[in-house]
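This report concerns only the one structure given below.
We call the chains A, B, C and D, going by the order they appear; numbering starts again at 1 in every chain.
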Amino acid sequence: MEDFREIGRRLSNWGRWDVDGRRDERGTTNLLTPERIAAATGLVRDGKVFDLGIPFGPGGPQPGGGRINPVLLFSETGADQNYPGAFHYADDYVFMPLQSASQWDGLAHVFYDDLLYNGFPASDVSPHGAKHLSIENQAKGLVGRGVLVDVARRRGVEWLEAGEVITPEELDATLAAQGTELRGGDIVAVRTGWRRKFLSDGDAASFMAGEPGLGLACCEWLHAHDVAAVCSDNWAIEVLPGEVEGETLPVHMVLIRDMGMTLGEILDFEELSEDCAADGRYEFLLTAPPIKFRRAVGSPINPLAIK
Amino acid sequence: MEDFREIGRRLSNWGRWDVDGRRDERGTTNLLTPERIAAATGLVRDGKVFDLGIPFGPGGPQPGGGRINPVLLFSETGADQNYPGAFHYADDYVFMPLQSASQWDGLAHVFYDDLLYNGFPASDVSPHGAKHLSIENQAKGLVGRGVLVDVARRRGVEWLEAGEVITPEELDATLAAQGTELRGGDIVAVRTGWRRKFLSDGDAASFMAGEPGLGLACCEWLHAHDVAAVCSDNWAIEVLPGEVEGETLPVHMVLIRDMGMTLGEILDFEELSEDCAADGRYEFLLTAPPIKFRRAVGSPINPLAIK
Amino acid sequence: MEDFREIGRRLSNWGRWDVDGRRDERGTTNLLTPERIAAATGLVRDGKVFDLGIPFGPGGPQPGGGRINPVLLFSETGADQNYPGAFHYADDYVFMPLQSASQWDGLAHVFYDDLLYNGFPASDVSPHGAKHLSIENQAKGLVGRGVLVDVARRRGVEWLEAGEVITPEELDATLAAQGTELRGGDIVAVRTGWRRKFLSDGDAASFMAGEPGLGLACCEWLHAHDVAAVCSDNWAIEVLPGEVEGETLPVHMVLIRDMGMTLGEILDFEELSEDCAADGRYEFLLTAPPIKFRRAVGSPINPLAIK
Amino acid sequence: MEDFREIGRRLSNWGRWDVDGRRDERGTTNLLTPERIAAATGLVRDGKVFDLGIPFGPGGPQPGGGRINPVLLFSETGADQNYPGAFHYADDYVFMPLQSASQWDGLAHVFYDDLLYNGFPASDVSPHGAKHLSIENQAKGLVGRGVLVDVARRRGVEWLEAGEVITPEELDATLAAQGTELRGGDIVAVRTGWRRKFLSDGDAASFMAGEPGLGLACCEWLHAHDVAAVCSDNWAIEVLPGEVEGETLPVHMVLIRDMGMTLGEILDFEELSEDCAADGRYEFLLTAPPIKFRRAVGSPINPLAIK
């Protein structure tokens, strides 16, 4: 297998969207041009909305380890309030990793060889946050044409198993079976069924221990199709255990650091998948604004697919 | 002035969207019908996107008191990592009130006389969260036709002053001056300039001490126009100090508890306002999905206006 | 078995330490009189110190559920700092339940029949905290004569099993075997070996699922001996599953709510136990100041036993 | 003025307490020998206890900036509970900087020239915490003879002003006026009145903007007297603005990094000061156990002075 660094070099988008000497910090979401956004809104027929975010709170897939499920606490419930008149209110606080449930990975989230996407130094990320490539750079996104690639459905399985590699050929075959064509600037949603597995067995440890997902060869495919962003119902987009001996999350490294691609993880395509199968339309307007956390490397999301 | 309870009774939407004995938990966002959502996507011409959320983090408008600005901390920066191969990554945590910056107020956020919207008991809100009316009920929203009502611009001021009441007549006059007509199910965005003031002076204490905003009479106006949701660039939608002696946030009480209206607060309409003034179009596709916090009474948001 | 309410009534300390109409908020720590504190310092011979707190952080016994292990995050590590001159520093934040590891239970922690200790209404505890009986009331404590009652050692086992009840008779027999006599105002430390079990198997779920501990009859014993506070190496002092059909944590209810006794939980007596067995002295100066959290119902602690 | 690095080299304790090739991680608290601890308990006459910690919560001196006041939230208040029987309980969570109120600075808290105390590399501190010199190393401390050096009282002022330098000569003169002699292994408490100022005016910004405190020359004095730890009622021990042009917190750098001295900050000596003045005894048993946060660079404390 080709070395991931070679692939990264070949598919690199460094400098591609720099303007007037100002180094780009958005990466492939630059492909979400106004024209494409306008065109994507034309996909909406019935106005049916699908929420692709999972619930944030107890029972989520990350009960511990480096990340935890969001902890919601109430600073006000209406008790012990004495405002003038009848008024009572409730307020809530949350403590959570920005990567704890449905989320965008920002471009400062993963790096190697001391460089972030577009050549920014790894030292740009510190306890003070990401000086460059923060998720704030995606503030106007991500809106565009979404395409569901329902790998699990085409295979006829509830879910693929951990370690099963999705290849470019399978992506092509799935799209062909669906009758869907990719266009430049698409946001690709790959359904592995891994969310369904979690909904079925509730086993967080198993959900996190591995997963089916994209193989390294898919990086080239995403690049060739000018994909603006990729998201999935697993937690890392890519297959785990990975294909490359001695490397950790190579697809992350190539997609985020070399190509500048924002990744959407731990989404729920179950209802959407049913609907697409029913009407044969696997394309939709996708709108998934990140919360504008300053200097953050990710953001919780609740992407909406509108058909 | 009519008693706020009287107004609330008159404008009550309790029971209006109940189906088959199942009590409604969404309120006026029921007005965001598929037809209207589909129609709203037809408003998009150029595909230009405006992000209406403010930055989340240090420097926000709520440095202390019952709420604080979001605190972002990094659990990983790439330092002290020894994963197999080249891989390095960064991860971040946040601690924040869900009402700390741009946000939807959910329907369990405000109540009086021991009842929440649609008659749910106030005891439904506890340290365990909101059993009913949680922001999760808005998971598929809020998408629809957005209309900017640029009160500050029509007045020709940078911002209205704290305590200045916006009346239904002024809303009508502003829409007339803009050449905008409301339709059923609109999401109305009222620009008071209060955000501009904060951007101009950075004075959080002054931002929170009072504000210009909707008067109580606007509740009827919002009801009569079948408005699906209302949002503003101030922090409470309504004028502060309020108009009603001895009552706290009466507009909140009527809108949220009686009408079941979701409120969007602390938004930034500055760039959008410039654009609307430039092309004369004050309508747009608005998409503002809440994060699906379980049992929460609000959610951080970054609404996107697409023209 | 006598009803726990009957026991509570019989052993009630309500009103016992009220002064001039001011209702007491300290409970049995009133027994830690200056004379007794001074006497307790006289127990120190060698100046050897034993730290009875467990580590706070990953790997603790409460990985999830209503409580979690403390999460420590670094706001500063020295990276990305540019202070004048050579200075660098590190700072850390923690998010944690005050009951997540070694802790004092304050007197507002447990209640029944709508009343807290000394007749304060349950409504004194709200999202705003404990208006009365806050842990702040123990700010000057807890210092006194500590006595280890090493039940596991006398039984000759590494640890007692979950559900095994410790009776007053066994406490007496253990003290007799140790040659220790109780005095008024003692802080009693009951060693069940449950901490050793956790250190041995690292099984948090098993640690929390049940435990050996004090039976309900011990309340009377603690009362009769004028014990100022009781602590243990398990997480709830009392035996779990409990002895009383249909009641939850009855020992807590009697000790905290009726007797006003502060409880110390999840301590580590392993090193202390070895030392006491070696020199035959099971008494020591115990000093365990709570952190003065405003309106809190507990506090993390690291009690020091000094011999 | 001598360069702080020269002072640091001269007063360095690096290697002083290494044993059998194991590098020391405790620093000057090694001076808290069992003999001295035992002797310190002999200072107690009446058993009167003074709590030197300040309250943790709203109203504290660090409302914002890099640190915030502790935020306490209740996960349980007794509401919405249905345990078998009568049981109800309250539980609380805290989010806070470990340096937000009364605290020990651990030995990994401050460093320069890429080295921590005793030569550990600065890279030992990362988002994963302090691999060495963590506050856990002080788990058995800090217990010993405490000595109040009441500078403000001797001067006859409520408080010294920000920027006023305390010199070794003034420390000596104060001790002489008090009739107190230092012994090896003492824990020195310097009262500047800065806490009294905050209690008097409640002005957090002013409290943090500067402070009276130890000058750089005091490092040598602390070293010469074999002081085990130093604490104060200001927030940084040392005078601010500092004496050294172009250097930040030089006293911290020498004390923590070169001498390995644990510092206690933001304490309250007001009640203790009154008592010492009244009976002329400025010495006491001091016990101030840190909470055993894993890999932390500090710990909240509530030191107890017992006379």
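Some points to look at:
By definition in this document, a residue touches a chain if its C-beta (ideal position, glycine included) is under 8 Å from a C-beta of that chain, and two chains touch if they have at least 3 such contacts.
None of the values given here were measured: they were computed from a predicted structure.
For the pairs A-C and B-C, the count of C-beta pairs in contact is higher at A-C. Rounded to whole angstrom, the centroid-to-centroid distance between chain C and chain D, based on C-alpha atoms, equals 26 Å. Separation between the centroids of chain A and chain C, computed from CA atoms only, is 46 Å.
Per-chain Cα centroids separate chain B from chain C by 46 Å. In chain D, the residues that reach two or more other chains under the touch definition are 71, 73-77, 79, 93, 95, 126-127. Judged by the touch criterion defined above, the protein chains are all mutually in contact, each touching every other. Across the complex, chain C meets chain A through its residues 63-64, 68-69, 71, 74-77, 79-80, 95, 123, 126-128, 131. Touching chain A in their complex are the following residues of chain B: 4-5, 33-39, 41-42, 44-51, 53-59, 66-67, 70, 72-78, 83-99, 102, 108-113, 122, 125-127, 129-130, 136, 139-141, 143, 244, 246-250, 252-253, 285, 287-298, 300-304, 306. Contacts from chain A toward chain D in the complex involve residues 71, 73-75, 77, 79, 93, 95, 127.
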